[in-house]
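In the two complexes that follow, chain A is the common piece, with chain B as its partner first and chain C second.
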Partner chain A sequence: MLYALRKAVYGLLLILGVTFISFVLMVWFGPDQTYTLVGKNASAEQIAEVRHQLGYDQPFMQRYLDYVTDLFTLRLGSSNASGEQVSRILARTVPVSLALMLPGFVLGNLLGIALGLAAARRRGQWADRLISALSVTGMSISFLVIVIALQVLLSTPYGLNLFPVRGWQVTDLPSYLSYVAVPTLSLVLVTLGYNTRFYRAIFVEEAARDHIRTARAFGASPTVVMWKHVLKNSLVPIITRVMFSIPLVVISGSLLIESYFGIPGVGKVAFDAITSGDQPVLKAVVGLTAAAFVLIQIATDLLYRLVDPRVA
Partner chain B sequence: MSRLWTHTRIAWPPVALLALVMAVAGCKPERSSEGPEPAYRVYRHAMDGAPSSLDPTHASNLYANFLAVNLFDTLYRYKYLARPYRLEANLADGLPQVSADGLIYTIRTKPGVHFIDDPAFPEGKGRAVRAEDFVFSIKRHFDPATRAQGAWLWQGRIVGLDEWKENGADYDEEVPGLRAVDDRTIQIQLISPFPQLTHTLAQGFAAVVPREAVQSYGQEFAVHPVGSGPYRLLSFNSAGAVLERNPRFRQEPFSLEAEGFDPDSQGGLGLEELADRVPPFADRIEVEFIAEDAARWNAFIAGEVDFIKVPVSQFDRVLASRDPPTLSPDLAERFRLNANLESGFVHTDFNMDDRQIGYHPDPDQQIRNRALRCAIIKAFDWPRRNEVFYYGIGEVFPGIIPPMTLEFDADQDRAPVLRDLEGARDLMSSHGWHAGNLPVLEYGFPSSVTERQMFEQFRSFMADIGYPQEKIRPLTYATYGDYARAYLNREVMLTTTGWTMDYPDAENTMQLFFGPNAAPGTNTANYNNEEFNRLYRASATMQASPMRTAMYRNMNRMVVDDCVTISGISRTLILLWRRELAMLPDRSFVGGFFLRFADPESAGGEAE
Partner chain C sequence: MNAERRIWGQLRDDPAGLAGLVVVGLFLLVAMAVWLGLIGQDWSAADGARWETPGPDHWFGTNILGQDIFERAIYSVRTAFEIGLVVAVSSTLLGALLGALAGWYSHSWVDGAILWLKGVLDSIPFYLFVAAVAFALQGKGWAMHVAMIATFWTTTGRLVRAEVMKLKTREFVLAARTIGLPDALILGRHVLPNTIHILLVQASIAFVAAIKTEVILSFLGLGVQDGVSWGLMLAESTQEVLAGHFSNFLAASLMLFALLMGFNLLADALQDAFDPKQASQ
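Right after this comes the complex of A and B.
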């Protein structure tokens, strides 16, 4: 209990730190929305009027305090651009991003772990070299190239023309699978290289430890060694990586995926808010991402204790 | 072998799962737009940008205006097929009656027009549109709480409207110059003649909204539009908007003659089949916002959208010839093409407020600065700019009257857009400019690859007249909003912008160089020529006439002679749509009004 409380206090301080940095970078020094909101031939008075409405004429500390107060009281307000309540925007877009990103996220990590284990088990052999080379190749190819190539190959008459190029008219499971397939494949291809390299490094390090040698000396089969000893003892870094990716998947979504596949998720909304300076949306996304990180951190620490009792 | 199998087995389940998903999902779903009835007609339109708001008071860009004029009614619109563009009554029951002095406009609205059904109305039933709704809609532009963007159209022009704002924008307070005489009669009293008034009433800004819906939805009216246009909104998000035919839209049979049909240039598009039918012809409109060129093109080729503005990167693939632009034979079997000159132009303005390049208190230095600007203009290579960035099919012209306006002078001297390196060098040396004393030019642009390439090209043009590269510096801004803030605060020496005209009258481009419109107004060059200003004031109250055209052309020459702007080019837009569609899309003044006439089925689709 005391442990969780201590973590909560640390989390609170972390949220304050994150909100302060995000405020300075994205709000104080962020885009000024005034000039996109005023009409043509606006007078200096009209510009001042809009600046006042947006709160740009307030001093730094006042604006930061308002920002933090709004965040902690969940008074998210309305988008400056569309007028829609931010809570409704999030309620509409976060589930879409989640449904979009989750399959790719899960598959990318599972495949990464599987390939990492395979490579670690055959360290230095051709299989390891092949997997490593493919990983580096995957890391080297631009996300954009993968997205466009898959669209052309799988969704247009130039290729197989199996899936929709873009859109999100999801009404049932088959339509969901149809719309999510190419984005998922793109995401898996993009993340697989990074995931495999990361997990391979962990498994290689773990496989070199004394207790693995002891297990082998006791005659444990290679499969048992990899699954029971290497994988299980590598769970702490795996949990760290997976858990800390979750807020990005849930809140930030993926801008490129959503843009290129025409999917109305939170990633596109967040990007538009950042580039246009739509501060109510921006502070909600940044604040909730920070809060999610803190919660995830607390959950991660608790999970550490579960998988490794030595963690105090 | 067994070790390899172990390895393979580890990786196999996720791969198998992925393959299963692909097998289950591996067919394009029937789009939900394919409605239950066989005759259900769906038109799918791709736009290269997205509106953030559907409130007519925010319809400041092409995308927002496109949707606004379909969800709401405007008093006027442009005839679908007439070129040059001509006004047509829409919600109004005919063109306005204008008093002899040009100050009082009386407009009757059509009877029996209703707003769509919506919970904002008693019992959810849309009520009749009244003249008072128009008055309310225009007042909203002057209410600071609306944060409207269209007030500039009527500011300082309608008796009492500016004062209404100053007095606190109370909607129950009458504006003497903006009155509903009865339920169907609107009267507008102007401070001075404003011949373009009727054009402003054809814009999304002037769309008619019901007061009770605005009050009911508050700020969210922007995503919950309630209007009387041909369509009503089904859904709207960052990826697109879905519109459905408004079943209560007035029944007005389509007339080829009234819409300005020209059989010679518009025959063969299937438009003849539409005669006497009642628009809107599509039951459902799906507008997809696809900013990414590659994604837009792929969606079109895959048949997921019926229309696109072709990205420049695909011109090579699409066009068989450039002059005139024709469609390559393989695509001509499936699609139709229309090459539209944009209703606007791209130009790079010198900041005349900057003493290093613009006006200077010392008359001699002022003359030297003018010489330098003229030299820069002479060194600018328009054919290269056109070739590299616009596929060589843009139309370069001197000055600020774009080719698609009636006032454009096709016979004017083209010397100002012809490259003259010798002349530029002579001009510089004769006015004492050399590499050592040339000012540092700061060229502003929002961060993007294309903008950067344009800057580098400009720098290379200037290198040809000996302008040192290090003296031409980029001023990069993270967003267009930041860029706009900088040039509207007169912080940028060279500003490149595109102007899309609000109405087909060169007055709309003349005002870009009218002294009192200097930044933060639209005159980003901060040009202030007394004679130009005098002519602008005089012409602004004149109806179109040969005399007014002569005045515009005179003003155009002043801007050219004073070397205020490197101008300009009107881009050619290549529009492509499926042959089965009977329609003539337009990105210009007709804009979104064409949607009600788009028929997904009638054209037949045979290749010509």
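Right after this comes the complex of A and C.
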């Protein structure tokens, strides 16, 4: 109980910190929107009116308090740029980003675990060396280079020309698959090196423990040892990595992929909101990401208890 | 002295790490030659035709403005080292300082505040943070550096904190305390030097991360503001490749890859050399 309370308080402090930093950077120092909103030849009164609506005439603390209360009461308001309700914008763009990022995220982690297991099982042999060398190679290639190269190789007449060059006209399953293919492959390639290396290190560490030696001594086959003893006992670090990378991959990863391929997802919307100073949108994206982070930390704790009785 | 010799010995027996060191060294020489004004100075001169193919005048061809791609790629080595060095050194020092404070005063309010700050920074989506910093600083060229330093220190901080918590129970630290040395002196002279193995590895990792991040930020228009970098060249190339001009893309991506690979190999070798237990695994 005390533990749950401590977690909740810490989560709240974290959200306050994130909202404070985002407020200072994005609202206090952010772009001034007055002149994008008032019409041409506005009078001084009209300008003052718009500044009042935007809250620019309020003192710092008052504006921050308004910012936080709006967020906690889920009064997200409307975009300053388009007038569309922020909740509508999120409902429109978040599913696109999830549909865009999820296949690559899942595949990247599954392949990383598979390659990590394969390497750990043949530790020191040529297969392990090859996988490790390829991981370092993958880690040395820029995200942008991978995206450009795959686009040229798969979507233009200079390569195989199989998929659409850019955009997101998804109506049914085949169109979804054709638009998601290149982004998915990019995401897998860009994360695979880091994932494989991370998972290999975990499996190697686990495989060196006494209980694995005991299992071997009792005659368990290498496959059983790897799947049942090594993989199962490594679930805690695996869960940590997967859970904590969800918000970052979905927001930060989608930002680049969506900008590059012109896909209307939440990363693109957030980025446009920063460059145009669209506070309501920003407030919602940053606040909800921070809240998601805290929820994920709590969910991760619960998952630990589920997979590892030692934690509880 | 003894430890240094051991680490050198380890590094000498690690062909991949040695290769990494040579590659990084070569790039550093190029960067210094650019700094001294010996090469790569004509990166902005538009003295060719648009999209010339590679030839004796322009070794890697020219871009849309007729600028020499070889000159631009070479000058970008300097840009990469400037960003990499500034970010790697500053973020590692900041991580060392905050990590050492948190570890030394562990479970006090100082520790709590630093851990909270780390938690907050880790919870903000990175590119949104950088974009916000870039805007808050009104398009200043070093906005990108500030944003990276402000977020990259957290890993170093966590590792240094754990190491300092271990070190502060050791006899030599207790002895220093017993004879009444001030905390700052013990931390600076006796504790932090013993975390150098963490700092060197983290600095090389931060260098790689800084250069990779610069590429993405430059593509998003938040990176290098004046000058040229591999990121800007790649951003330029995103339109060119669709029209079949690959010189910009190939020059920037290959040089970028070589430097990153060199640094990654060097970082791995350093890690192995400092931690023989891990290396044997």
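Criterion: the second predicted complex is superposed on the first by the 269 of 312 C-alpha atoms of A that agree within 3 Å, B and C clash if a C-alpha of one lies under 4 Å from a C-alpha of the other, contacts with A are read in each partner's own complex, and residues count from 1 in each chain.
In this text, contacts are C-beta pairs under 8 Å (C-beta built on N, C-alpha and C of every residue); 3 or more make two chains touch, one makes a residue touch a chain.
Predicted model only: the values in this text are computed from it and were never measured.
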item	value
Which superposed partner A:241 touches (first chain B, second chain C, both, neither)	neither
Chain B versus chain C as contact partner of A:37, first or second or both or neither	first
Contacts of A:151 with chain B and chain C, given as first, second, both or neither	both
Contacts of A:117 with chain B and chain C, given as first, second, both or neither	first
Most chain A residues touched (candidates chain B, chain C)	B
Which of chain B and chain C A:63 touches, first, second, both or neither	neither
Chain B versus chain C as contact partner of A:275, first or second or both or neither	both
Which of chain B and chain C A:216 touches, first, second, both or neither	neither
First (chain B), second (chain C), both or neither touched by A:260	both
First, second, both or neither for A:185, with chain B first and chain C second	first
Intersection of the chain A residues that touch chain B with those that touch chain C	31, 148, 151-152, 156, 158, 165, 259-260, 275, 277
Chain C to chain A touching residues, read off their complex	116-117, 119-121, 123-129, 131-133, 135-137, 208, 212, 215-216, 219-220, 231, 234-235, 237-238, 241-242, 244, 246, 249, 253, 256-257, 260-261, 264-265, 268, 281
Of chain A, residues touching chain B in the complex	31-44, 46-47, 49-50, 53, 78-79, 81-85, 92-93, 103, 107, 110-111, 114-115, 117-118, 121-122, 127, 148, 151-152, 155-158, 161-169, 171, 174-175, 177-181, 184-185, 188, 222-223, 258-264, 268-269, 272, 275-277
Footprint of chain A on chain B - complex, ascending	3-4, 6-7, 10-11, 13-15, 17-18, 21-22, 24-29, 31-33, 52-53, 55, 60, 144, 147-152, 155, 218-223, 237-240, 288-292, 294-295, 298-299, 301-304, 478-482, 484-485, 488, 511, 517, 520-522
Chain C-touching residues of chain A, taken from the complex the two chains share	10, 13-14, 17-18, 21-22, 24-26, 29-31, 123, 136-137, 139-145, 148-149, 151-152, 156, 158, 165, 204-205, 208, 247-248, 251-252, 255-256, 259-260, 267, 270-271, 274-275, 277, 285-286, 289-290, 293-294
